[in-house]
Amino acid sequence: MKRLNSRKPGELRPVVVKAGVIEQADGSALVSLGRTTAIAAVYGPAILHPRRLQLSDKTFLRTVYAMAPFSTTERVRPGHSRRSTEICMVTRHSLEPALFLEENPKAGISVYIDILQADSGTRTAGINAASVALADAGISMRDLVASVAVGKVDGEYFLDLEGKEEDVTKCDIPVAYMPRSKKVTLLQMDGDISAKEVKELVNLAVKGCEILYEKQKQALKERWSLK
Amino acid sequence: MILQEQYLLNLASKGERIDKRKPDEYRKIVVEKDVIEKAEGSARVKIGETEVLVGIKMDTGEPYPDKPDDGVMIVGAEFSPVASPGFETGPPKEDAIELARVVDRGIREAGTIDTKKLCIKKGEKVWLVNIDIHVLNHSGNLIDAAALAAVTALWNAKMPELKGEKINYEKRTKKLPVKSKPITITFARIGESLFTDPNLDEENVMDMRLSVAVKDDDNICALQKGGIGTLSLEEIGKVLEAAIKKSKVIRKTIK
Amino acid sequence: MKRLNSRKPGELRPVVVKAGVIEQADGSALVSLGRTTAIAAVYGPAILHPRRLQLSDKTFLRTVYAMAPFSTTERVRPGHSRRSTEICMVTRHSLEPALFLEENPKAGISVYIDILQADSGTRTAGINAASVALADAGISMRDLVASVAVGKVDGEYFLDLEGKEEDVTKCDIPVAYMPRSKKVTLLQMDGDISAKEVKELVNLAVKGCEILYEKQKQALKERWSLK
Amino acid sequence: MILQEQYLLNLASKGERIDKRKPDEYRKIVVEKDVIEKAEGSARVKIGETEVLVGIKMDTGEPYPDKPDDGVMIVGAEFSPVASPGFETGPPKEDAIELARVVDRGIREAGTIDTKKLCIKKGEKVWLVNIDIHVLNHSGNLIDAAALAAVTALWNAKMPELKGEKINYEKRTKKLPVKSKPITITFARIGESLFTDPNLDEENVMDMRLSVAVKDDDNICALQKGGIGTLSLEEIGKVLEAAIKKSKVIRKTIK
Amino acid sequence: MKRLNSRKPGELRPVVVKAGVIEQADGSALVSLGRTTAIAAVYGPAILHPRRLQLSDKTFLRTVYAMAPFSTTERVRPGHSRRSTEICMVTRHSLEPALFLEENPKAGISVYIDILQADSGTRTAGINAASVALADAGISMRDLVASVAVGKVDGEYFLDLEGKEEDVTKCDIPVAYMPRSKKVTLLQMDGDISAKEVKELVNLAVKGCEILYEKQKQALKERWSLK
Amino acid sequence: MILQEQYLLNLASKGERIDKRKPDEYRKIVVEKDVIEKAEGSARVKIGETEVLVGIKMDTGEPYPDKPDDGVMIVGAEFSPVASPGFETGPPKEDAIELARVVDRGIREAGTIDTKKLCIKKGEKVWLVNIDIHVLNHSGNLIDAAALAAVTALWNAKMPELKGEKINYEKRTKKLPVKSKPITITFARIGESLFTDPNLDEENVMDMRLSVAVKDDDNICALQKGGIGTLSLEEIGKVLEAAIKKSKVIRKTIK
């Protein structure tokens, strides 16, 4: 199978990364991977309310992921689903390793992610946007977190699945990665492939993340040089 | 905060505004259409810093029993927490419900959508038109921004094809049947002055706002007083006239 | 079109206003406009719990509007709807201007409105009842708030729409009015009429409110002279 | 409060009540029927200060799979916050649920509604009878008041006409088929005494109540012990007998 | 009608009572009445949170009753129903008389009851299990609480209704009883029988409770002699 | 708590565990099948103190529009408060949702249920298979226990008979069509060590876990990283190999 939009197997979709897109937020970013668009806003760190959520040893990181009702072919009903609850959780787990949360116990940081348009890869686009938004908020970070999904179609490894590719892939592996620390922070998989293939695919995802990382840095540079 | 309030009230007593606008002057309006490919219609409207996205999604379903050959329009509004940390997820709050309902009334009463043309099989199956308002940046006057985005999205929406029981969202050719362009104009009262298009600072000190939806023929199709202040009969008359005048200008931003 | 029950265009439905109908409440009232019946109970002012609802500069006014399940032709399911949420809000906005809420910061006043029977004009009946109930509770008020809706049928202005008149009116304009201050506190409208007609209709509503105001005062007088 | 409690317990030890009633004496009962025109049936019952409104609304729907030719009865109860600031809106609380379920059981087990006559098309369509209890004033003994109002409303309910698929609520001619008048009698224990029809003060100090629904033929059709107190076997016998006796008197209030 | 499994009218189903079945809990028990199986776990007494639930004069007893989704022929949807809310309440009322709750004001005891399989008599099985679990937790008790339901089929009194017997019984009377104090703590009834029959049936239930009480004591003895 | 954490980390630095197990050693596994008669299939799995019950209930319903001739599988998980006072009732929390979704993915991707054989009438009616996970004792490694119980229950499930429109749950003869036995193996990282089957103490100090679902043919069908720690590429490789090896042993416990 040829890829959509005549992409090469190891090629990302057209990437857009923009920092500082929501005036009200302490930090924000927009990330598009092809037709998939995520917007992230960061509020905090600030004293956390209600107080029962405060943690004694670290900042409470709240991640909220939501799809706009018009973001997909079939309208999404507002509110949390089991899928979105899981994505909130893995997004939080993907971002936490990059942060120094132990520095501000009792504080809270909120990361809100809106998917404006969904065409595969919403969780990875959301993580990319959230990572840039955190940096944009001036929150100190060990590393940025870049994220992309990989799959296998007709025996070939595809980077950054889009649209109908997702229907025919033998597997779907979203990965998040901290490029400087060389560590994986998100790893999920559905499919039916050998362990060797898993390893090779994760390697491909890591390559994709390295490219995304450069785009993230560039976006932050543009944002801050403008100031 | 209190200083700010005093400052705005002082300005208002002279008929002046914090950002030097005239009483009946809008902030800069930017209207973009077709910004979401997955939606049947969409528009992004910025009024100053305020930014609202509206998407139209269509589906089929049953008509209301008392209107068996009319398509159904549903307006929803979400204040995404992206736009403000105060907007938490959960059941929609009063403000979001008011926003959706005021936009709904303006569009509905103006007969914006020709719902008769959305009947597929009388009493059984009609088109549903979901109009979803997504607030991206709340910097005052959401009602006017959302109403403008909704009408723009409707005027540019294209219907998916129906093949037997199935909707083919890939193929959208025919335009959604629309026939009017209601424009909603909001005036806020600060002190004794009435200012249109209040920004967020102004909304924080206003005691009352009156939103007026005006049809192409200058008829009024919806009114909504907001806030805990009051209105004199004279003020109602003044706002109606100013709104009609202003609506003609704003209507031109819809392409 | 002739009006139902051979009413004149500018005539109210038969009005009943009774103060003091709920023993347990601090203040209460029943208002009937024709077949539409609203009952309102006021509790407070009292220290407000939970504390996070307390306001630093004024009394918190809570208004709850609900329709009894058997109040309409088709049974109403219990719980809040978007319609009832909006009515709660506009009811609160209609009443607040009549109260001196800044006198008791941190306190709360609850106004509960039940619609026992609905035949058009439930929000206006509810506001009339709430206003009398607040006065009955001995809460100091700038003015009473009277309320009525107006419409236009076959070119004529109709005061206080009832039942099927609502299906054929060119517009529906609920108005609340403080007769002594001569100020409008509720103004909503659905329809399709000229600005001139809006103004004339609001004037008609104000006349209706002035009559209702007399009935409100009379009910309070009867209530208190009995004591 | 504690003084009040002590006072009531002292009185009870002498078999006396705060309002001088005899142990088996009800407060004044006022029963009004047909108080809500929009409802198919309705009744308002006052027992002393306690005031309960019951409305019947009918609709059509599917029968339960295991009873394909029986109409369906649903009892709901709302403690309107009008009646008490403690009753906030939201999902029904334990007390409201108990009230609805006890009233439901009394009516259901007595075969009050002739559900066989409410079948429209076997297995597909039957009448639904919604019985909604609306508490207007809570001054004790809601169960007996609500049960009495529900039975009164049922006995006076008129069915809307069915025209093809549509229900014509304007035309209500035929009576709802009903065949019994169960009466629920509640006794509360204060100290060692058993008092019927507890008022709110008595409910606040009682440790246990037993509600007994009695059929026209003196059979028992429902029982519900409430509260954290206990019952001896002797007490159960005494309450059953007293309830049967009292039910004959109360049943006469249903017109 | 002959009874299922050739039981005699006054005979209980095969009874299993086991104390100490949940490692994590402060006290626990499993009770089977035939195919009906309930498991109860007790946590506490402990300081109660949130604090607004604390009672000034006694321990707050929370009882939660839930059916496992696979416990009945038709799958049970998770979450509370009106039926389960009522059972939580009557279970609490059945157990409280056996406890000295006034000894620990501001504390809370939680009793969680899971119905693993339901074949009539789930509330009574749950009360039996809860009573043993409370004793197993070392909570001081006036008495144990035993519970069983009775009915009337073809003119005969049946103890401990099971399965389809419940569909044909003229009445269903669940009873809970404290055998040492000789007091009834649960009494509900649906049906159509005379007052005399009610009394005779309650007497039969009391006999059943006395047998169950012996099984409860034995289970606790076995549990504690093993330690 | 902090002492305990330090102690486990010290042990881990030497590759040792608090209960003397080897890094790739499970606690004792007990698998019982057919423990709930009312369910179409059921299993109880104990891994050490951890105890999980899985029940299968079948029903009929509509297929998904995009898979008109496939039966539908739904996995749910409830952390009964019986198992831990922290598990309150209410909407399922993150952990329960993750558990259900990870178990779901392992079973679904391995093609465990032959869903094509569960079609009754294409596009209209198929069998629904509800797999409900009920946690009775939470002492670590719920994912592996629940996955094992689910597969065991599926392999022993019997389908109820369909008589026209009605399901006869009394008569269950045919086996549910199943065709693979995916096994989920979880490794947790404590300090620098990777330990399989973490108990509750270990879960409290681990910074990351990786769950791997392995098919009968050693292919991987699901992965889930949990926790806020990170993974190196080498660690991923090591866990995959160890999981494949271990899965062969665990698979034998399914009878």
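Order as written gives the chain letters A, B, C, D, E and F; numbering starts at 1 within each chain.
Operating definition for what follows: a contact is a pair of C-beta atoms (placed from the backbone, for glycine too) under 8 Å apart; a residue touches a chain by one contact, two chains touch by 3 or more.
Just so it is clear, the structure is predicted and the values come from calculations on it, not from any experiment.
Chemist: If we look at chain A and chain B, which chains touch each of them?
Modeler: none
Chemist: Going by the contact rule set out at the top, which chains touch both chain C and chain D?
Modeler: none
Chemist: Report, in whole Å, the distance between the mean C-alpha point of chain B and the mean C-alpha point of chain C.
Modeler: From the centre of chain B to the centre of chain C is 27 Å.
Chemist: Taking the mean of the CA coordinates per chain, how far is chain A from chain E in Å?
Modeler: Comparing mean C-alpha positions, chain E is 51 Å from chain A.
Chemist: Just the number, please: Cα centre separation of chain E and chain F in whole Å.
Modeler: Centres of chain E and chain F (C-alpha means) sit 32 Å apart.
Chemist: Please report how many Å separate the Cα centroid of chain D from that of chain F, as a whole number.
Modeler: Going by mean C-alpha positions, chain D sits 49 Å from chain F.
Chemist: Two or more other chains in contact with one residue: find those residues in chain E.
Modeler: none
Chemist: Which residues does chain D have that touch at least 2 chains other than itself?
Modeler: 92
Chemist: Name the shape of the chain contact graph, picking from line, ring, star, complete and other.
Modeler: ring
Chemist: Head round the ring from chain B, going the chain C way, and note every chain as it comes up.
Modeler: Read cyclically, starting with chain B and passing chain C second, the order is B, C, D, E, F, A.
Chemist: Quick one: which bits of chain F touch chain A in the complex? Just the residue numbers, please.
Modeler: Touch residues, chain F against chain A: 92, 94, 97-98, 100-101, 105, 108-111, 210, 215, 218-233, 236-237, 240-241, 244.
Chemist: Under the definition above, what is the set of chain F residues touching chain E in their complex?
Modeler: Touching chain E from chain F are residues 36-39, 42, 49, 53, 55-57, 59, 76, 78, 80-85, 89, 92, 130, 132, 134, 136-139, 169.
Chemist: Sort out for me which residues of chain C touch chain D in the complex.
Modeler: 22-25, 28, 35, 39-41, 43-44, 64, 66, 68-75, 78-80, 110, 112-114, 116-119
Chemist: Inside the complex, what are the residues of chain A that reach chain F?
Modeler: Per the touch definition, chain A meets chain F at residues 82-83, 85-86, 88-90, 92-93, 96-97, 173, 178, 181-195, 198-199, 202-203, 206.
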